[in-house]
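In the two complexes below, chain A is the common chain; its partner is chain B in one and chain C in the other.
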Partner chain A sequence: MHETEIAIVGAGPAGLAAAVEAAQAGAQVTLVDENARPGGQLFKQIHKFFGSKAHHAGTRGVQIGRNLLSEAEKAGVEIRLDTVVYGIYPDKRLGLACDSQSEDLKAASIILATGANERPLAFPGWTMPGVMGAGAIQTLINIHRTLPGRRVLMVGAGNVGLIVSYQLLQAGAEVVAIIDALPGIGGYGVHASKVRRAGVPILTGHTILAAKGDQAVERAVIAKVDSSGQPIPGMEQTLDVDIVGLAVGLSPLAELAWMAGCQFAHVPELGGWVPVHDEEMQTSLPGLYVAGDVTGIEEASIAMEQGRMAGLTAAQALGCLPSQEAEIKKIEVRQRLDALRVGSFGDARAIARQRILSLSVPQGIREG
Partner chain B sequence: MRIEMHPILGEAQWGPKVTLMVDGKAVDAFEGEPIATALLAAGRRVFRHTTKRDEPRGVFCALGRCTDCVMVVDGRPNVRTCVTAARDGMVIETQRGLGHWGTEQILGEKGEQGHA
Partner chain C sequence: MESMQEGVLTTGIPSQAELEASPGYPSAAALARGPIVVIECVQDIPCNPCELVCPNNAIHIGEPITNLPVFLADECDACSQCIPICPGQAIFRVDMTYAEEQAAVSFPYEFLPMPEAGNVVQAVNRAGEVLCDAEVLRVQQPRSFDLTAVITVAVPKNLAMEVRSMVRLPRPWSQGQRAGGL
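Here is the complex of A and B:
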């Protein structure tokens, strides 16, 4: 059995940021990820981030990823790739599987930064080759430089649907349309304007009825919907496309938190069931922290700040960080988080976050 | 289709060229890239057929999570081609149902002998 002070599951933005903070404070950190490369989904984010300079505004995700990775290496974080965490035990032990071998990793604290899953959308033909997640398309084109098709229908006009559509254009594909069943565009205006300027129609109040083809997608049937979201007969259109991208939201990947026995809450605004946690990212189980999309779907910038908070708190609990220094740093993280959750999108998430915090029992009471 | 030039990412940096044997035919790949991207670039869309209804499946999540793109690789079934690195000379087969151990050619020969 291997031992470490802080074990972090997931080397995406949240996990890397947590690892950097904890290791810089002097803790021994082991960061585990099932993928062959660290960075989670950061390396496919080739657009510039928003926010202030403190939030890396104007920097592309791929560069933020490189910076975090080099900081983590400099701080002495042990990064274990190609390693699946298949179990979590009450004595803060993780079950790891690597190269068809299993081993245990025991830690004083564990931070779960496992991210999220793309949601599917079921309609006739949705299992056919050519229907794929928008995130899958993004991985293929931005990391592996391969277009899975030439003519794309994007389902979902939230930020993911809009950004991936624009990136498809940059990659040389044609985006035939972006549709969304809602009456308005869910994503930021700046992303919507970019695709519209490039001539891509955004059809709100439209849904997909079917994907059709012999062995793979050759066409998609869409239709206008009425105010209750039902397709209006006679308002169908058939589009010649070979790819249907699904950008219909994400769900937190919280299996390990469930397995550990964390208290959960259902928060639709944040993607469904999320582990209840306090402001310092501690779950209902002492010494088990969460950060990033596993706590509710937001953005990479927020995931990084939550990671920093979890890393600081875990390092402080181990005695690596003087409490005054830790408190100052945590206040800075809180301020950056507040600044990120602004505007109508941020407000809704901030209110949902408050609901999660209100469910969290203060540590003193929990232990008493 | 490969994206050679990209307005943000610049010119593509590929690994060394290798050859995969896919259902008995040579397919070009770049060493270290996922098997799936080499197949998509070669125009393939169907990676496997389902057990019960024999329906086609292709790349869905590209993250190693959904298992839609599994194939028989070097005689091993259920290999997630979207997260398995391409290596020169790999023998890859379209998977039917739960797949099989060993390569189809070997099984086929044995099968024929068995029936003869």
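Here is the complex of A and C:
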């Protein structure tokens, strides 16, 4: 059995940021990821990020990821790739599978930064080749530099659907339309404006009825919906497309937190069931922390700040950080988080976050 | 095909009313004096790199960073550094004094192949509709712009506040056609 001080599951923005903070404080950190490369979804975010200078605004996600990875390496984080965490045991032991071997990793603290997965959408033809998640498209075009098709229908006008559509145009595909069943565009208006200038129609109040084709997608049938979301008969149209991208939301990937026995809460604004945690990202189980989309769907800049908070708290609990220094750093993280959760796009998330915090039992009571 | 409703969250295109209500959108009088940037940021998203990059303190956001940028046209020397750093690609540059009949419009651009100065391209409005042919005057892409080029085209003056991009050029290595239309 291997031992480490802080084990982090998931080397995306939250896990990397947690690893950097904890290792810089002097903790021994092992960061585990099932993928061949670290970075999670961050290295395929080729667009410039929003936020303030403290959030690296105006810098492309991929560059923010590279900087974070090099900080983690410099701080001495052990990064174990191609390694699946298949289980978590009560004595803070993780079950790892790597190269068809399994081994245990015991830690004083564990941070779960497992991210999210894409929601599917079922309709006739949805299992055909050519129907894929927007995130999968983004991986193909930005990591593997492969166009999955030439003519794309994107389902979902949230930020993911809008950003991936723009990146498909950059990759040389044609985006025939972006549709959304809602009456308005869910993503940032500026992301919508970019694809509109590039000639892509955005059809709100539209849904997909079917994907059709012989062996793979050749056409998609869409229709206008009424105010209750039902397709209006006679308002169908058929589009010649070979890819249907699904950008219909994400769900927190929280299996390990369930397995560990964490308290959960259902928070629709944040994507469904999320592990209850306190302001310092500790779950209902002492020494088990969460950060990033597993705590509720937001975005990469927030995931990084949550990771920093979890890394600082875990390192402080181990005695690596003097508490005064830790408290100052945590106040800074809190301020950066608050700055990202204001305005008409952030208010609902800020309120939902407060609801999660209200469910968390103060640490003194829990330990007593 | 467009919804009857206007506005950036319905159509993806900021309406004239939204633009004019934004404190980043300069007055016609300021535009008439010479080249300045035009900030088409109409939503309270948390973002402020334009404020920090401006060497002339012509853009003010303050706290919280969801405030819309307030643009002080008199302080702007049209250096254009805010154009490529805006993650929303919502900042443009307009020079109404470029020539007798023509204005110069600059916009951020991230599609290959890049146009070159002297090319004639098809200028489009905020809906991606072709408005006119336009000569490319400049293509700026220094390293500090981090791969977002700023393209400047000459257009008739009456289209200066409409032209905001150009039709993507054909990719010689693929058969891709221009996106658009159903």
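Here, the second predicted complex is superposed on the first by the 368 of 368 C-alpha atoms of A that agree within 3 Å, B and C clash if a C-alpha of one lies under 4 Å from a C-alpha of the other, contacts with A are read in each partner's own complex, and residues count from 1 in each chain.
One rule holds in what follows: contacts are C-beta pairs under 8 Å (C-beta built on N, C-alpha and C of every residue); 3 or more make two chains touch, one makes a residue touch a chain.
None of these values were measured; they are calculated from a predicted model.
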{"item": "Chain B versus chain C as contact partner of A:196, first or second or both or neither", "value": "second"}
{"item": "Which of chain B and chain C A:150 touches, first, second, both or neither", "value": "both"}
{"item": "Most chain A residues touched (candidates chain B, chain C)", "value": "C"}
{"item": "Partner chain in contact with A:343 - chain B first, chain C second, else both or neither", "value": "second"}
{"item": "Touching partner for A:251 - first (chain B), second (chain C), both, neither", "value": "neither"}
{"item": "Touched partner set for A:34, first chain B, second chain C, both or neither", "value": "first"}
{"item": "A:215 touches, of chain B and chain C: first, second, both or neither?", "value": "first"}
{"item": "Which of chain B and chain C A:263 touches, first, second, both or neither", "value": "neither"}
{"item": "Touching partner for A:60 - first (chain B), second (chain C), both, neither", "value": "both"}
{"item": "First, second, both or neither for A:176, with chain B first and chain C second", "value": "second"}
{"item": "Contact residues common to both interfaces of chain A (with chain B and with chain C)", "value": "60, 150, 170, 172"}
{"item": "Parts of chain A lying in touch with chain C, wherever the complex brings them together", "value": "47-53, 57-60, 63, 150, 169-170, 172-177, 183-185, 188-205, 237, 239, 339-346"}
{"item": "Complex contacts: residues of chain A adjacent to chain B", "value": "34-36, 46, 60, 117-118, 120, 127-133, 135-137, 139-142, 144-148, 150, 170-172, 215-216"}
{"item": "Chain B - residues contacting chain A, complex", "value": "1-4, 6-9, 12, 14, 33-34, 37, 40-41, 45-47, 55-65, 68, 83, 85"}
{"item": "Residue numbers on chain C that touch chain A, as the complex places them", "value": "1, 3, 8-14, 40-49, 52-53, 64-66, 85-90, 110-112, 124-128, 146-148, 164-165, 167-168, 171, 174-182"}
